[in-house]
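Please find the structures below.
One chain, chain A, appears in both complexes that follow, with chain B as partner in the first and chain C in the second.
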Partner chain A sequence: MRRMLFVLPLLIFAGVAYTQCAGCPEEELDGGCENPEPCGDCFILSLTAEDAPNDAGGNIEIAWTVATTDAIPDSMLLERLDSSGEWIPISTLSPIDGSKTDANLIDGSEYSYRIVPFYSGNAETASEAVSSIPQKQWMHTGRIGMLITLVIISIVIFYYIDQGKRGKDLYIRRIAGLTAVEDAVGRATEMGRPVLYIPGIMDMDDIQTIASMVILGRVAIKTAEYGSPLLVPTCRSVVMSVAQEIVKESYLQVGRPDAYNRESINYITDDQFGYAAGVDGIMVREKPAAIFMLGTFYAESLILAETGRSVGAIQIAGTAMPSQIPFFIAACDYTLIGEELFAASAYLSKEPKLLGSLRGQDMAKLFFMIVIVIGVLSATLGQVWEPVAKIADFLKTITTVE
Partner chain B sequence: MSWTFVGIWLGALLSLSLYSFLYKDNPFYKFAEHLFVGMSAGYWVIYNIKNVLIPNWWNNLVPAEGGFQPIWLIPGTLALFMLLRIVPKLSSLSRMSLSLIVGTGAGLSLTAMLQTNALAQVNGTIIALGQGGDLLSWISNIIIVTGVVCGLVYFFFSKAHTGVVGGAANIGITILMVAFGASFGYTVMARISLLIGQTQFLLFEWLPTMGIHL
Partner chain C sequence: MRLVIPLMITFVAGMIMILQFFVPATQSMGESLQEWYMIVASAAIFLGAINLLNVHIHKIRFKAKNWKYSPVTIAGFAVMIITGLFLGIEPGRPFDFMFTQMMVPMGATMFSLLAFFVASAAFRAFRANNWRATLLLVSAFVVMLGRVPIGAMIWSKIPGISEWIMQVPNLAGQRAVMIGAAMGMVATSLRMIFGIERSYLGGAD
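== the complex of A and B ==
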């Protein structure tokens, strides 16, 4: 019984000590807690500030972890030391682990950060300050795989362009939609109706619009040769300017500058459905015999294709927009699917340079096919024999782009 | 008469004018079309001035905090070259601006296209055929891998589609057509919902203004 009386005060003392240290991190509990609850700076277990990787500078990434205790602050304030030596708040944080990027900083200048926990509206002791210097990186390490792939593909393409220039016969398979171009223009000539060329609704910074402009050049050569009027309503003013230049060039090329009519290549509006309404009006009034819809299209694709069909025109469409291809397939006579649009310029012109480029792209596709097959086989076999899975992991790593 | 009332009537009459195109081209459609095209063209002119020209060029040329940044005269000059297209003797200057736009567009698209249309697709296709464990997962994974590889074969232009290549290309285009069919059905559903929305507007907002309640 006397022994029990001796133990009782010890138990009470231990209980009080535990209660006082409840808000402290585990490592401090081992060494004895010096901070009674609320804990203040001991709540922040770690705070780091590092220059944001792979960026154009001006960013610091701040990350923090907090203790799992009962003494959780109501909120926390992330502060930055300004040039006058004062801590200025930059963000209110939830009292959980997290990270934040401080942006729009000056490269080469040192920035310090700390976190101040708030208990019942009162600031407690702030965490230790950490510092970092933002810098820009010239090389994005997450894109090295892409760089290597791009260099390999470029070398292959340049090699085949060179082969084409040297006169090597570069075969290109028949593309149904493109063999019909001449027939379509010829039909328009016979019927005495115009050819309508719609280059999509995007601007000249879109690769499909650029491809469309190259094809427009070839179509314009045909219309100039056959003497058919060519109408090109555009959705962007810059596209109109480029189209005018290209068509003018084509008419000059076949010795028909007199037949070039600048007014037939006009701007309608930037608005998607305003453009669709305007082009629909042109279709029903001008009744073109051949309609080309080549470029980037969105929801207006079916509206245009259906109206074109209703006026009895032969329609050749092409886009790389997966969601719009079904509408063109349903409503047009010929549809260039995806990459066929990009192959069209080489197909129509038969220029060695473009044919060489196309052959190079085919080699790139073959390379990707081989990568896929090797990757899938190694990943599948890797499920039963782990070392093989490393091949798949490697291939996934080099094809990952951040 | 409130502005809401005017808005409902304008919306209804213009909707009906545009729908009249389903019958044939007529003066009502022409009016709605010209109004739409004219207003949207005017809207985009102002939009581009306020949201592109002023914030991206003018505010950089003459910053609010004072000073003058002559470097911004370069894009200004290139823009002026574009406007010079209306002067026949100087119109060729616009080619400099156009070539810059096309070249920049193509260059920027190069990496984006390679990333999204090539590497991301290859990365997503490298899967273990047994991933998922059950029989359906096996079938699904085999369809994905076969579809991608055969689809690529279809877009191979340097080889005639005969023999093994032709067979693979046929599988590729078949899978593509199945995907297009699904996409077609999905999008038609979305268009029908737009039609329902506009019909509801006419029936439940416009007709009640004439005392007709359905």
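== the complex of A and C ==
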């Protein structure tokens, strides 16, 4: 009987322990389960609502952190207080740290938010409500450095344009590829073969295509003067329309509207390799004496350049795509590398103010070269002498764009 | 007046695009302009299609040089449009079949030609005519060797050297091109926005 009295407290203790550990994860049974009481407001450690930075308004960024030691809710609900004073759910959240942007809000109105944790489907005490007012920003703080840089470049370019206008002699380095344009068109005229102009495969919203169209105008003037047929197969309908107008204007400018053939500037296809196949076909059939490949090119660059080479054409290529430049260098007679593509129109025009802009472009590049050298030196010396590192940090800040 | 209106449109559109980059409050204007461009580009697709038909019908009509290719182009164009419009473009439909079984393989064929063109271009580019071409040849040889298992088998440091060539001198060169191109883009944009470059309007001089 005494033994039975000893067992009774043990049974009571076991029963209490079992009740407390009901619903406790299997792995926690060995180490003892605490099974804390659900606590909504103490689970959410922080909740913040702030106007989204550098945006056009209408956005509030909500961020929250949660405790890791308390009872974890099954889910959480982010709620917003509406104008009638009711909390309306806007998003279901996982019970972890996170952030969310509430969009399409009215600028200048105050919005309040809270998070409600749910345990076994039951809502517990909500977090403290936080408020913010969405507003549009009038300056992107992450782009101020770039704005300063752009202003400096613009001032330099406009200064040299003004110098050009005043008739100051500006030295512009010789670009072999552009000097050869006239020779290439002349060669085509002598051989009685057409000139083929390929403006790349991108649309008119690409700056390289725009630069290419400007150069096309200059080339078209030459073909009009020499009387050579000009073929312009395009990959985009808008490019075709723009090219037709530009070539027409060039022919009108030199008084040869009769020589303008609208159908020689035609659309082939938007498909990259379909276009390459089509242009290759034109090269093989028409055997142009001069081929210009100026604009944005991707994998089709070498396919076009090698086919052009196989038909014996003099080839002048130009692109700002670093990955395609080696292909053009290997397969073409002349290659305009990067900036030279953008300099081509001004170079060919020989107009003083356009040449001034080229000079300004070179000076702006010199400015950046100096900045890069200072940055590299200060970052390197900053490893041994900390004050110098601040110069590198400053340069990094003003040249970083968000 | 013939030049003033296009120049004003260019100036306003260009300034809006610059402004919306630095002033978030004006982003909606930039987005609207981009939407307008998309509408114009979509409408221009019809121009392209009409031009394609016009050019090839003209060739057939006047029996121009190589006119025999034109019926094939027109037939392909018509078949794709008719099947797409009337039978749908869902998987399993004739349009989808022609696209996946004809268009895609033909595109892949063109792309695969690149391998042969790379070989012929490399043969010319890597001829050791002078010290620069020789340097190019040697560095290309090391890079190629470092990218295949046999490179590491010959000497364990070849992949590292290959990676260094790609990440240091090659990347430096690429960045130089990109910085120069960025300067060119800024200068070209300024020339066009402020009407300094107007050759595209036919009024260069």
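The rule is simple: the second predicted complex is superposed on the first by the 362 of 402 C-alpha atoms of A that agree within 3 Å, B and C clash if a C-alpha of one lies under 4 Å from a C-alpha of the other, contacts with A are read in each partner's own complex, and residues count from 1 in each chain.
The working rule: a contact is a pair of C-beta atoms (placed from the backbone, for glycine too) under 8 Å apart; a residue touches a chain by one contact, two chains touch by 3 or more.
Everything numeric here is computed off the predicted structure, so don't read it as measured data.
In the overlay built on the shared chain, the residue A:Asp271 is in contact with chain B and with chain C.
With both structures placed on the common chain, the touch criterion links A:Ile329 to chain B and to chain C. Legend: residue contacts after superposition of the two complexes on their common chain; A:Ile133 is shown touching neither chain B nor chain C. After overlaying the two complexes on the shared chain, residue contacts for A:Glu263 are found with chain C alone; chain B is out of touch. In the superposition on chain A, contact is made by A:Ala56 with chain C only, not with chain B.
Once the two complexes are overlaid on the shared chain, A:Val254 sits clear of chain B and of chain C alike.
Contacts of A:Ile210 after superposition: both chain B and chain C are touched. By the document's definition of touching, neither partner reaches A:Val388: not chain B, not chain C.
In the superposition on chain A, contact of A:Leu45 is made with neither chain B nor chain C. For the contact definition in use here, the residues of chain A common to its chain B contact set and its chain C contact set are 146, 150, 153, 203-205, 207, 210, 213, 238, 241-242, 267-268, 270-271, 273-274, 277, 281, 285, 302, 322, 325-327, 329-330, 337-340, 343, 358, 364-365, 368.
Only residues 21-28, 34, 37, 40-41, 44-49, 51-52, 54-55, 58, 65-66, 69, 103, 106-108, 110-111, 113-114, 117-118, 120-122, 124-125, 173-174, 177-181, 183-192, 196-197, 199-202, 204-205 of chain C touch chain A when the two sit together in their complex. Residues 145-146, 149-150, 153, 170-173, 175, 203-207, 209-210, 213, 238, 241-242, 244-245, 267-271, 273-275, 277-278, 280-281, 284-285, 302, 322-323, 325-327, 329-330, 337-340, 343, 347, 358-359, 362, 364-366, 368-369, 371-373, 375-376, 379-380, 382-383, 392, 395-396, 399-401 of chain A touch chain B in their complex. Interface of chain A with chain C (complex): residues 54-57, 136-140, 143, 146-147, 150, 153-154, 157-158, 161, 203-205, 207, 210-211, 213-214, 217-218, 236-238, 240-242, 246, 248-250, 252-253, 263, 266-268, 270-274, 276-277, 281, 285, 299-300, 302-303, 305-306, 320, 322, 325-327, 329-331, 337-343, 345-346, 349, 351, 353-354, 357-358, 360-361, 364-365, 368. Residues of chain B touching chain A in their complex: 18, 21, 24-25, 29-30, 32-33, 36-37, 39-41, 43-44, 47-48, 82, 85, 94-95, 98, 101-102, 104-106, 108-111, 113-115, 118-120, 122-123, 125-131, 145, 148-149, 152-153, 155-161, 176-177, 179-181, 183-184, 187, 191.
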